[in-house]
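A short write-up of the structure that comes next.
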């Protein structure tokens, strides 16, 4: 379980997050939605301690991750798989080695086991034969999928996806959405999906958290979202051109 | 290649260690492959000898100096050095310093002893004999002064004898008077002549010394030329002193003759002018010789300047 | 904050940041398995791959020093072996380390800053951290170690090639013979000189790699930031090489 309490974050006295609180339940899939620049990625980086809050606390399984030693924090981070917005593939390694990297670093698998595991992950993201290609030789969408394969290769308890489907065609997007659902069901993983893509939100998320102007503007289940009459949320959702079901008041 | 990087790095490390090891040995003048053994010598003055200075036999480098230690107990400088293995240095070999510290070229020269002697073991001791170019002058000059001193003593005692004879009124010096007068005159002339020659000799030595001390160009060749000149000048001075010596000897002979023919000495007593002339001649000789005795010392001080620069 | 107080606090903050980074790097030294593979990769990139350019520069330094010394010593009274006495210690004491330092500041310093800067702005460093990896130990320790280990090796090669270049030019150009050169070099050779050079090269290697890692690791602001970090890394490395050179000469000679 992850709890975020009264999180404030400002960069050079410019506030980005103002009093954000959020609780993420074990096994659920939470979508974090919000406009570009609203602070979604900043929030996500606080969950794994890559950014330190200006004030407020972040708990992972009851541990305040900003009050523990660096080595203890690293232990906690190992339970996470993170897909960064830009992929963040290691450009010195080819695709195969990128996916194999966590396995080589954190497991004592044999070379054969690593091969089969990496191939399995690459098959899941529908890129079975990119192994020998360097990240720079891949398209943006392919890079993101290789990065996804890397994020899940250790079968983590928590998986954070920062915009997993942006830049992908609708068909591949659907495949990735299915993959995320499968992973959370099969491995009982807790998934945090940062996205603008309302189609993804509707198809995979149990709950959604809407960040607006640095505040946690709205949190609720997808059903609640259908019924919400919050104007800002509806405007955001409408902008995505997806019908939620409740006619606007206008 | 799985360990390609490790292999490259390892090769570079080993190669650089080899270069470093042999490079230092090479520039330290230590034989690259065969070993070396240590020997020991001592000097009263190290003359600027430092670690790493070459050790030579007949001008051929055979090793280098390892340590130079001041031994205050025995008031000497202990010098440890090594020479190539397989080089046979017989007992009775001696060491001496060569070159000038001012030019950074002090060397330890080994003069081999009789080849029949058994060879020195590692850690063996060689006695030293100091004789480098400047050291030659330094050691030669006091000898010269000593000789001048002896000569002076001889002359003084001879003249004292003369005085003793003159003081004896019973002596007959009449016949010898003319001879003495002539001898004294010629001695006077001779001394005046010698005085000029000695003075000019000392003057040229002085000039040489001053030009040597003002010699700021670090040129060993020219310097050794100067040192050679200086040496020959001193030899000349030596010759001059020999002349003076023989003159005094002549005087000695003369006085012996006077001693034999005593009859004419009474006249000498009755002739105070002559006596005074002889006396003043003796005084001149004495003064001159004293001067010579003083001058070389001054001149040696000048020489020491060479050591300093 | 006022501009003037920023001007004072910013350098002190940066120094603190640099020192903390070093402390973290030293703290990670024990995790050898973390950086073992990277260490050898970095040693090859920093050391082995720099050998040709270092050798080229050192060889020419030795040759030029020889020719210029010969040109300046026209007096017939001075023995020609003095050229060897000047060229060899110049290379061993100063040029070998400093020429290598400047080349590595450009070649290695800029590369490290660009690599780490790009990794920073493309979130690769964040990705490493997010996996639970110690990014300082993984990225910085092998680079600094590679610099500290390989720099003395490059220095030894530089001296070797530099003196070789000097001897070669002396012989071919007819300035003096190999024998005279070596005789002169031996006369003034002090065993401490190469030791001093090695100490210097270790310090230079440390300065270049830590400064460049610091600049790269804390890059901000996209491609422009990477460019800025790269330039600063090379320039700062050169400046600190000169400062360290003076400091070491004062302290150790």
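Should a chain be cited, it is by its letter among A, B and C, assigned in written order, with residues numbered from 1 in that chain.
By definition in this document, a residue touches a chain if its C-beta (ideal position, glycine included) is under 8 Å from a C-beta of that chain, and two chains touch if they have at least 3 such contacts.
Predicted model, so just to flag it, every value in this text is computed and none were measured.
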By number of C-beta contact pairs, the top two chains: B-C
Identifier of the chain whose CA centre is least distant from the whole-structure CA centre: C
Computed distance of Cα centres, chain C from chain B, in Å: 54
Chain A and chain B, separation of their C-alpha mean positions in angstrom: 96
Between chain A and chain C, centroid-to-centroid distance (C-alpha), Å: 43
Contacting residues of chain B [partner chain C, same complex]: 5-6, 8-9, 12-13, 15-16, 19-20, 23-24, 26-29, 51-52, 54, 104-105, 217-222
Residue ranges of chain C in contact with chain A within the complex: 118-119, 122-124, 126-127, 129-134
Contact footprint of chain C on chain A as seen in their complex: 45, 48, 50, 70, 74-78, 80, 82, 84-86, 88-91, 101-102, 105-106
Residue ranges of chain C in contact with chain B within the complex: 40-41, 43-44, 47-48, 51, 75, 77-79, 85, 88, 149-150, 152-153, 156-157, 159-160, 182, 185-191, 194, 198
